[in-house]
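In what follows, a single structure is set out as structure tokens and then discussed.
A, B, C, D, E and F label the chains in the order they appear, each numbered from 1.
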Amino acid sequence: MSLVNLKLVTIVSERILKTQMVEHIVECGAKGYTMLEATGEGSRGIRASEFEGRNVKFEIIASSEVAEKIFQKIKSEYFENYAVIVYSQDVQVVRGDKYI
Amino acid sequence: MESVINNLASPVVLAFVLGIVAKLIKSDLDFPRPLYQSISIYLLLAIGLKGGVELSKTPFSEFLGPASATLFLGVLTPLIAFAILRYVGKFDITNASGIAAHYGSVSVVTFIAAISYVQALGLEPEGFLPTLVAILEVPGIVVALLIPILIEKKKGTLKKAMHEVLTGSSIVLLVGGLIIGFVVGPTKFESVELFFVGGFQGALFLFLLELGMITASRLRDLKKVGAFLVGFGILVPILHGFLAVIIGMWAGLSVAGATVFAAMVSSGSYIAAPAAVRIALPKANPTLYLTSSLGITFPFNIALGIPLYYIIANWFGG
Amino acid sequence: MESVINNLASPVVLAFVLGIVAKLIKSDLDFPRPLYQSISIYLLLAIGLKGGVELSKTPFSEFLGPASATLFLGVLTPLIAFAILRYVGKFDITNASGIAAHYGSVSVVTFIAAISYVQALGLEPEGFLPTLVAILEVPGIVVALLIPILIEKKKGTLKKAMHEVLTGSSIVLLVGGLIIGFVVGPTKFESVELFFVGGFQGALFLFLLELGMITASRLRDLKKVGAFLVGFGILVPILHGFLAVIIGMWAGLSVAGATVFAAMVSSGSYIAAPAAVRIALPKANPTLYLTSSLGITFPFNIALGIPLYYIIANWFGG
Amino acid sequence: MESVINNLASPVVLAFVLGIVAKLIKSDLDFPRPLYQSISIYLLLAIGLKGGVELSKTPFSEFLGPASATLFLGVLTPLIAFAILRYVGKFDITNASGIAAHYGSVSVVTFIAAISYVQALGLEPEGFLPTLVAILEVPGIVVALLIPILIEKKKGTLKKAMHEVLTGSSIVLLVGGLIIGFVVGPTKFESVELFFVGGFQGALFLFLLELGMITASRLRDLKKVGAFLVGFGILVPILHGFLAVIIGMWAGLSVAGATVFAAMVSSGSYIAAPAAVRIALPKANPTLYLTSSLGITFPFNIALGIPLYYIIANWFGG
Amino acid sequence: MSLVNLKLVTIVSERILKTQMVEHIVECGAKGYTMLEATGEGSRGIRASEFEGRNVKFEIIASSEVAEKIFQKIKSEYFENYAVIVYSQDVQVVRGDKYI
Amino acid sequence: MSLVNLKLVTIVSERILKTQMVEHIVECGAKGYTMLEATGEGSRGIRASEFEGRNVKFEIIASSEVAEKIFQKIKSEYFENYAVIVYSQDVQVVRGDKYI
């Protein structure tokens, strides 16, 4: 089967940033995203959003250009003040042209 | 003294203690988050509805004084809190404002506990008190968030934070309930009364059990926040509660009403304020504001503050 | 006219409005999904149980007429809806059948709202009506799903969709509740009566609050579906409701019973039917059938349809 | 015989049957896990609270005999179960101990069902019985987990498993509820009585519906566990129940109390024990112990065991 | 530690397809799967299964042959009418022979 | 943007092991973890922890050394008696030095 090489970008952030993250993802040109509820611990201990439902995890299939844009956006907006983790992987996507 | 003990031995306060104990013995007891959310929704709607129904029976003139007193204290208390934190506690502007926002706003559960407390004593506080909760929720947060903007002349994210507070679920449920209760009035309210009034104390029992568990995890942070904030979290509520009793009674509240009013005013928010502060002042340290409002002031008020305000209110107006 | 206003100002209808408003002002109010599911389970069981207990007191002869009327309308209404959609609205066969399946089936919440409505007027509808809901749930979906198979002579996935409907959670809870209620009878039912009857209106309040929020997100799709479907979603329920009043009264129902019956027959399903249509007719567009049944017909019925059917029923049988 | 039928036709037992049927017809009915957890929390607290309130009215002397009888049977029953499994059933030591731990402990739902059963017969069992549930929960598990350590002289993870049982949520809620109920007493309990007592049977209805679904998935494993374990899961409860009736009545319990006591003692745990066994004896096969305690003994007790113990109790003490 | 190179196949689909997906996964020869609840947005907007619980996400550790079979199966059965996204990644699995 | 190459370690285990897993992850030197609720099927059928909430899935961004330690730990402690699955992937992490 013909698979398309794309990037899978994963973002884990405080739940309070959920709506804004969705906006950023779409603005950066992603064609969609999948979102999961998560908890976790990192360098900063307990989250302010603990009452609001802890963390959200986004998974976005996108081209490297879109992935790069998402990185930039999140770095400039959130890295200083919020708990956000972002990483990228190579994936082979079925019907991958849908997501470019 | 007896009333203090009376309060400590009520089912809901003991539920709170059970929650703390459960975490201290490292029990795996864990409330599913949806249960916690559902009970929050229920409690906010229930006090809104009940309050709205009562408000529909209250003449406007009776309500005007207490409402103005609430607004006044909503502006005053965060300023007092800020001044103490900044000039006595030497906190930086951001953290002082962040914590002050919490003490300007109100803890709905403290309010409910106070209502239950005076009712257990056989008293009936004014029916419009939930309306005051709704009035008190917002200005304190606004005032505190304005401080760094005014001092540092920075254009902040105040507007975003305001939207967050005003459309936050707690305000929507409380105010929505109030309006619905007001519109339907006592007769039509009967159809849902068993659900929202009859089940109330039991739901509160579960909620305080969960809050006890959350508080216990906060207690671990006590040493992180330092002795000053611990003292602040006890003494400032007493100060605010004292002011509230005087101003509240002066505005026409009964002894029972002034007790509940003092509990409201002295309490620190831990739902609306944290969300707003997280957005408007992201550099403020959540450990400081959550630990003081939830880890110190909340259990203090539940166990000792409320009976104390009752004693003070009796002293002035009994 | 007064009864219309009466309906609009009931707690549960106002809860629905609050849900819509919450979404319009972009509140972050959000029901945890498990709460929504739990209330659905509760409501379906509760009306099943209550209906079963009532059925155990009803002579079979009294029940036969209304049951036949229900079956008849369950077959007729999807055919009417299909014909209008296909030949007036020019929808393709798949979409016309998909939407028709929803109007053949029944919305349990509309049914409950109608029951509450007539009870608030001091009337007592026939106790066996929940049984009719169970009877009405299935045939409309079957008939509508059969249409494309018959017309296009395709072997469809009808069987799979039927299993989906018949073993779907709403039928299992409703019919299961009915049977249990029927078997235990009024005396043994008392042990769970407070829970399932006393708490009912309150649970419905929460449910309609959530449905209001869901409806609000549907309202955004109104322009996507076009003016024809908006008109369809209002006029066809009126037509079906009119038919239901006449046939229902002819079959022996009281004014209150005929009002509820009309609400049932005119309503569009939005739990059982979407799942069945999604499986049997995957090419049908969900935006069309969900928006019309949930975004248009449901709020219309809740706010205006039910009082209208009551007026019609009074007109014929008052 | 009539009492058997009486039990079978109660709402809660029929809910259990509905749950089984729902899974057999492959319905997509699915309880959200948080609902299941919430109801568990509620039921455990409710019986704890109720029991504590009753205990506060019981003279200590009356309670001493039954409490000792409970401890004695908590040690005896796992030894009986182990001996039968090891020497008649030829199970290995690990699996025999793992299953025995379940039969030494207690199923809270079986206990509740038994209480409801005798109350439906118009009898009032002793109020302190929930305390006995708390006493019975632990020793059986400890004894059974000690067996492989003693026989195989291995240093096990017994301590970890003990912590798991003692701080497990069911013990914390049950004992916590008991203490709170005991401290607040009947008068203060009234504020939460409607919630915890009035809603009890309804919540139990939902819980048994869910347990029916879980049991149905266990039934599939029946052939995996073999005929011996099926017989064991029916005959050993009868044996234990018989012993419990005799010892319970000898310790001063009424006919109703002895019936409930027999149901407790004969039941197999399926919440506390599985967690403890999974940690202390990870090599024991969960299919064996879950299927026997939940798939065989639980439905047997609910449907037939409880009425049988009632007949036996009547026989000895009626 | 000796790790085995395998494929991690991820499927995000409407919840209504859950039972069928499990059947397909097993039929195609997978030795197991992990399932998570998810929400998401893509090209088609709101799901019909919104009431039924939105999306499900499957993660399957399998050999490339099994992965390929799963792709084929899902492509032929669902791509036309349902919202399904499928992609594949290389993973190094501990005790990986269990999953072949 | 400068991305750091790290390992993403994924662990799916019975829920009953949750607390212990967190301890192991931290002991092995990981700077954080993200946790999700999951269900699943594998070689062993129904879990004992079914009542307790099925499976948990951990995702850990860490250096290869930490990843290797986590593998060893889990292999030695759980593989014999419990249902645990562990695998590793290469990821490119933004602000990746935080996680080493």
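Heads up, the rule we're going with is that a contact is a pair of C-beta atoms (placed from the backbone, for glycine too) under 8 Å apart; a residue touches a chain by one contact, two chains touch by 3 or more.
Nothing here was measured: the structure is a model prediction, and the numbers come from that model.
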item	value
Chains touching both chain A and chain F	E
Intersection of contact partners for chain C and chain F	D, E
Angle, in degrees to the nearest 5, of the Cα rotation that carries chain E onto chain F	120
Identity of the chain that, by mean CA position, is farthest from chain A	D
Centroid comparison with chain E (C-alpha atoms), farthest chain	B
Inter-chain centre distance, chain C versus chain E - centres from mean C-alpha coordinates, in Å	36
Chain centre separation (chain C, chain D; CA means) in Å	41
Multi-chain contact sites of chain A, meaning residues that touch two or more partners	36-37, 89
Sequence positions of chain D contacting 2 or more other chains	28, 32-34, 198-199
Pairwise touch network: line, ring, star, complete, or other	other
Chains grouped in pairs wherever the two touch, ordered by label	A-B, A-E, A-F, B-C, B-D, C-D, C-E, D-F, E-F
Chain A contact footprint on chain B (complex, rising order)	33, 214, 217, 221, 270-271, 274-275, 277-279, 282-283, 286-287, 290
Chain A contact footprint on chain E (complex, rising order)	10, 12, 36-43, 55, 57, 68, 71-72, 74-75, 79, 85-89
Residues on chain F engaged by chain A in the complex (per definition of touch)	1, 3, 6, 8, 22, 31-37, 61, 89-96, 98-99
Partner chain D, residues of chain B touching it in the complex	9-12, 14-15, 18, 21-22, 25-35, 116, 120, 198-199, 201-203, 205-206, 209
Residues on chain A engaged by chain B in the complex (per definition of touch)	14, 16, 45-53, 81-82
